[in-house]
Every structure is written in C-alpha cells, then in structure tokens.
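Okay, got some structures for you below.
Two complexes come next, and they have one chain in common, subunit A, joined by subunit B in the first and subunit C in the second.
The block that comes next holds the complex of A and B.
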C-alpha cells in the first residue's frame, strides 16, 4: 500500500514536471524543469530496481544535459521573442495533440499486453557472471557479454565530438571553446568550485572502483569528473583547454584505444574478439574501465563546451 | 495491475508529451529538450521490461539496464551535436527556429518572373 502511494506520487510528480518543461513559455524555466525531471526520473529508476541507471540518469540525463541546454539558452536568449511569432496555429496544435494521444494510447495498450511470464536474460547473465569475477551483473553485461556494443558506444562519444569540432570556423581551429569566464574570486560559484572538486574526484574514483561489484562504473564516474571540470571552468578558476593539444586528444581516445587493443588481443590469446584471457578477465575489465573513465570524463566535458571560438593565445 | 505497469503508462505519456513538444515548439532548443523527454520515456519502457524480467535473485534484467546506460550516453552525445548545430544556425543566420514554409499558393521567389 505504502509502495503504491510512493510510486504513484513519484509518477504524478515527474509527469507534472515534464509537462511544465514542455508547456512553459520561458526557456530557462523549461530547462530548470527538465533538470528537476532528470533527478525525479533517477528516483523512478531506483523504484524500478536499477541503481546503475538511476545514477547515470540523474548525473547525465538531468545534470550534464541541463548544463548543456543552459549554456545554449544563455546564448539564444534574445531569440525567444522572435520564436514566439513563429508559433503554429490552434488547428495544427490540435492535430499534433491528436496524433500524440494516439501514439500514447497505442503504447499503453502495448504495455498492458506484455507477455506473462516476462522473458528475461537475468538467469543467463547471473549464471555466466562468476566467470567474469565481477559482482555487478550490469558491469558484466557492459564489459563482458556485450563488450562489442559498449566499445562502439565509447566510439560514438568520440564521433560526436569530431562532428561538433567539424562546425568550427576555419580561423578558430584548434583554439579554445566558449567565451572567457571572468572569475569572481569571492562568489558562490568560485567557492563551490574550490570546495567540491576534491570530493567529486574522490567519489568518481570510488564509483569506478566499486562499479565492478556494486552499482557504479565508468559512465557514472566519467560524468562526475566532467561535472567537476565544468564547475571549475564555469567559475573561471581555470581556462578552457586548447583543443589542438596532443595530450588532450590522447585523453579523448585513450578509452576506445585500450578497449580496442584488449578486444583485438582476445583473437590472439583467447577464443576471439573481445574474449578476455582466462584468469585475467577482471584485470582486463578494470583496465578498460579505468581508461574509459578518463576518456568519458574529458569527452563529455568537451561535448558541453562545443567547438573552439577563440584563438589559443589571446 | 502493479506499480511497475504504472511506470509503463507514465513512459507512454512521456513519449506522447515529448513528441507533442517536438512538433509544436518553434524554437530548436525547445525541440531538443522535448526530444530528450521522448528518449527518457523510451528508456523508462526498457526499465519496465527489465523490472518484469526480475529473476535469479536480482531486481531486474541486467541486459536492458546496460542498454539504457549506453542509450543515455548516446542520447547525450546526439543532444550535444544538435545543440551545437542550433547555435551554429544562430551565429550564421540569426535564426533560432526553422524557416517558415511559404504558403502553397505563394509565388516561388526562385522562379523566373512570368511575362
């Protein structure tokens, strides 16, 4: 009974916040609602029994996506008014509402007619998990059973960054992203940017390490690192990196390279691509996770910062 | 009906709500935000299916969970690219929306003038 009240209340709350983020006129209010929605959805994932996804959703879906949208909104601020005049008429609104309601109704029918008993790969995953020497089944799936998917996904991050850098104007190539942040040494932001990063980095290392056996892992840890870097950048304590630096670019590809290297090694020393050598499975997984944590942290932060907009040396 | 199915219905509502925002909102940034709502709704459906597959002493099927984690990261990458393109459109043309479609009976500005 108490579970029904708790879950029902949570669902109503996040649906209301999601509706706010769609229907409110002001862009900043919409983004703030979206960030709150991300955090509430994190709680929904806890209710659905996955702490791993809850951590990722709260940190990435709400936090970093929110930071990305807020940065963009502050640059598009004067465009709000012009966009209002482009609002479509009530007839097309009605048509859109009808189509979306139809889709929702179809999905609800689908949800209510899911098969009983539900198909599940959980028994299979748990049966094979001891061979990987990791205790967290999600990490087992990500790094061992479906390693190929996860590898391609770390490559997607790099490809997205390449595409974003591809939008650089010629003159700024290899420069620094974003405007110069003027530091306010006594401001709240500067205070938080000095106080939080040591804890953030420590928690990130913990999340990476504990991810083998408990909820956590490289995505959650990398997101936290990116958030700490963004915080110090936003406060103006450090300047945005020069994007043509070799060290930075190596940090971006370190994860995918280590992942691909160990994966290819499997062909030689084990039974095939992404088959880890027996006895070293956990060591391989931890090595990939460590390299990926660094790359994911750096890449996520650079994705938020966008293409270079000013020369490396002022 | 148990609470897991409630989350499934919520997911369906989120997908519809997000799609409505994508269609009706003129501003590109708001479309990107609404598209993210659609994405989270789809992920939540995965969560419901994973939860229904709870077995072997764990709270949910770890395979959809792993997919959702990768999905969230890929969705973020796509959003970052979309936001960068919207900002580029703004800096190149001053627009933050797609251009209006001309009415069907309007003369085509590119067509040669009739004699």
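The block that comes next holds the complex of A and C.
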C-alpha cells in the first residue's frame, strides 16, 4: 500500500515536471525542469531496485546533460530571439502535435503488447557470473557478457568529442576551450572548488572500486571526475587545457585503447574477440574499468567545455 | 532498548520531514529571493541533518554511518555555496521585489 502511494506520487511528479519542461517558454527554466526530471528518474530507478542505473541516471541525466544543455542555451541566446520573431503557424503546430501523439500511442501499444512474463537472460547471466569473479551482475554483464556493446559505448563518447572539435575555426585549432574565467580567490566558488575535489576524487575512486561487487562503475566515477574538473575550471583556479597536448589526447583514447587491446588479445590467448584469458578475468575487467574511468572523465569534461575558442597562449 | 531506538528514529525523521515541509512552503510563499534562499537552506541543513540523525542507529556498521554523515556534510557545503552564489547574483542585479 505504502509502495503504491510512493510510486503513484513519483509518477504524478514525473508528469508535472515533464509538462513544465515541455510547456515552459523560457529556455533556462525548461532546462532546470529537465535536470529535475533526470534526478526524479534516478529515484524511479531506485524504486525499481536498480541502483546502478539510478546512479548513472542522476550523474549523466541530471548532471552532465544539464550542464551541456545550459551551455548550449547560453550559446543559442541570439538564436532564441530570432525564433521569437519568426512565429510558426497553427498548421505546423498541429502537425507536430499529431506526430507526437502518434508516437506516444505507438509506444503505449508496444508496451501493452509485450509478452508477460518478459523473456529474460537474467537467470543465465547469474548462473555464469561466478566465472567472472565479479560480484555485481551489472558489471559482469557490461564487461564480460556484453563487452562488445560496452566497448562501442566508450568509442561513441570519443566520436562525440571529435564531432564537437570539428566545429573549431581554423585559427583556434589546438587552442583552449571556453571563456577565460576571472578567479576570485576569496569567493565562495573558489572555496568550494578547493574543498570539494579531494572528496570528489576519493568518491570517484571508491565508485570505480566497488563497481566490481556493488552498484557503481566507470561511468559514475568518470562523471564525478568530470564534475570536479569543471568546478575547478569554473572557479578560475586552473585554466582549460590546451587541446593539442598529446597527454590530453592520450587520456581521451586510453579507455577505448585498453579495452580494444585486451579484446584483441582474447583472439590470441583465449577463445576469441573480447574473451578474457581464464584466471585473469577480474584483473582484465578492473584494468578496463580504470582506464575507462579516466577517459570518460576527461571526455565528458571536454564535451561540456566545447570547441576551442581562444589561442593556447594569450 | 530497541523500542527506545525506534522512538528516536521516528521522532527525528518526523522532525526532519517537518523542516523540509516548512522549507518548501517558505520557498513557495516568501516574498524575496533572499528570504526564499533562507527557508531553503534551513530545510537542507536541519531537515536532512535530523533525518540522517534518525537513521544513524539503524545502519549496519560505523562505516555506513560515516557515509551518511558525509552525505549530510557535502550537501551542507554545496547547498551553502550555491545559495551564496545566488545571493551575490541577486545583489549584483539589484533585485527590487515587494
């Protein structure tokens, strides 16, 4: 009964926040509502009992996506004014509403026609989990049974960064991203940026380490690292990195490189691509997770910072 | 002993919920941004603090308790800083509200 009230309340909140995000005309308020929506989605995953997804959703959906959208909004401020002067007619509104309603109806029909009970590979995965020496089934599935998918996920992040860097103007290539932050050494933000990162880095390492046996892992840890870096950048304590530096670029591709290297090694020493050598399964998984944590942290931070806008030396 | 601990938890969590409730009402009803911030930080600080205090006797070990206290501390620091930042912005923009 109490669970029904909790779930019902969550669903009502969802609808209210989603409606706010869609119907608000002011871009900033709409993004704020969207960030709240991401955090609520995290709560929903907790209610469904999947803490791993909840952590990822809160960090990525609520945190980094929010930061990305806010940056996009501040860049699009001029475009916003242009959009206000160019009103769309009722015909295009009607068409958009019809398309959205159609999509929603199709999704509802799909969800209702799913077989019950749903087909599941979960028992099979749980049965094979001891072979990986990993206690957290989510990590086991992501890095052992579906390693190929997870590998491509880490590559996608790098591709997204390449696409953003592709927007660089020729003169700024290899420069620093983002505006110059004027530091206020005694300001509140500088205080937070000095106090929080040690905790953040420690918690990120903890999240990566417990990811083997409990909820946590490279995405949550990497997001936290990115957030700490962004905080110190925002406070003006450090300057944005020069994007042409070899060390930075190595950090970006470290995760995918280690992942691919161990995956290819499987062809030689084990039974095939992404088959880990027996006895070293957990060591391989930890190595991949560690390298990926660094790469995800650096890449997410650079995704938020955007293309270089000023030369490396002022 | 157990019943006493249960009572402690119930009282503390209820008190915490009360502060969250009062803080939320304050944020909706108070007239200026600064007073709304005040209400909000009270809810964060006391509300969360009392809830954490209430569930401390129920954790599995001292390490889990430490994690809960750490959560409260980190929320304090970040919420405090963020509201200071908002307050500075309000002052800079010279908000004139009734």
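Throughout what follows, the second predicted complex is superposed on the first by the 310 of 314 C-alpha atoms of A that agree within 3 Å, B and C clash if a C-alpha of one lies under 4 Å from a C-alpha of the other, contacts with A are read in each partner's own complex, and residues count from 1 in each chain.
Here, contacts are C-beta pairs under 8 Å (C-beta built on N, C-alpha and C of every residue); 3 or more make two chains touch, one makes a residue touch a chain.
Please read these numbers as outputs of a predicted model, since none were measured by experiment.
J.: Sharing subunit A, do subunit B and subunit C clash or fit in the superposition?
T.: In the superposition, subunit B and subunit C stay clear of each other.
J.: Let me test your reading of the model: by the given contact rule, A:196 touches which partner, first (subunit B), second (subunit C), both or neither?
T.: The second partner, subunit C, only.
J.: Of subunit B and subunit C, which one touches more of subunit A's residues?
T.: Larger number of subunit A residues touched: B.
J.: Check the residue A:111 against both partner chains and state whether it touches subunit B (first), subunit C (second), both, or neither.
T.: In the superposed model, A:111 contacts subunit B only, not subunit C.
J.: With the two structures laid over each other on chain A, which partner does A:303 touch: subunit B (first), subunit C (second), both, or neither?
T.: first
J.: Given the touch rule stated above, what does A:34 touch, subunit B (first), subunit C (second), both, or neither?
T.: Touch partner of A:34: subunit B, not subunit C.
J.: For A:120, using the defined touch cut-off, is the partner it touches subunit B, subunit C, both, or neither? Pick first, second, both or neither.
T.: Once the two structures are laid over each other on A, A:120 reaches subunit B alone.
J.: Figure out whether A:60 sits in contact with subunit B (first) or subunit C (second), or with both, or with neither.
T.: A:60: touches subunit B, not subunit C.
J.: Given the touch rule stated above, what does A:313 touch, subunit B (first), subunit C (second), both, or neither?
T.: After superposition on chain A, A:313 lies in contact with neither partner.
J.: Identify the partner contact of A:188: answer first if only subunit B is touched, second if only subunit C is, both if each is, neither if none is.
T.: After superposition on chain A, A:188 lies in contact with subunit C alone.
J.: For A:2, using the defined touch cut-off, is the partner it touches subunit B, subunit C, both, or neither? Pick first, second, both or neither.
T.: A:2 contacts neither subunit B nor subunit C.
J.: Just to confirm the geometry: in the superposition, how small does the C-alpha gap between subunit B and subunit C get, in angstrom?
T.: Closest C-alpha pair between subunit B and subunit C: 21 Å.
J.: Do any residues of subunit A touch both subunit B and subunit C, and if so, which are they?
T.: none
J.: Which residues, counting only subunit A, touch subunit C once they are in their complex?
T.: Subunit A residues touching subunit C: 188-189, 191-192, 195-196, 199.
J.: Show which residues of subunit A lie in contact with subunit B when the two form their complex.
T.: 3-4, 7-8, 11, 14-15, 18-19, 21-22, 27, 30-31, 34, 37-38, 41, 44-45, 47-50, 52-53, 56-57, 60-61, 64-65, 68-69, 72-73, 75-76, 79-80, 82-84, 86-88, 92-93, 96-97, 99-101, 103-105, 107-108, 110-112, 114, 118-123, 125-127, 137-138, 140-142, 145-146, 149-150, 153, 156-157, 159-160, 163-164, 167, 217, 219, 296, 300, 303-304, 306-307
J.: Hey, which residues of subunit B end up touching subunit A in the complex?
T.: Residue positions touching the partner: 1, 3-21, 23-27, 29-30, 32-34, 36-37, 40, 43-45, 47-63, 65-70, 72-81, 83-88, 90, 95-97, 100.
J.: Please output the residues of subunit C touching subunit A within their complex, sorted ascending.
T.: 70, 74, 77-78, 81, 84-85, 88
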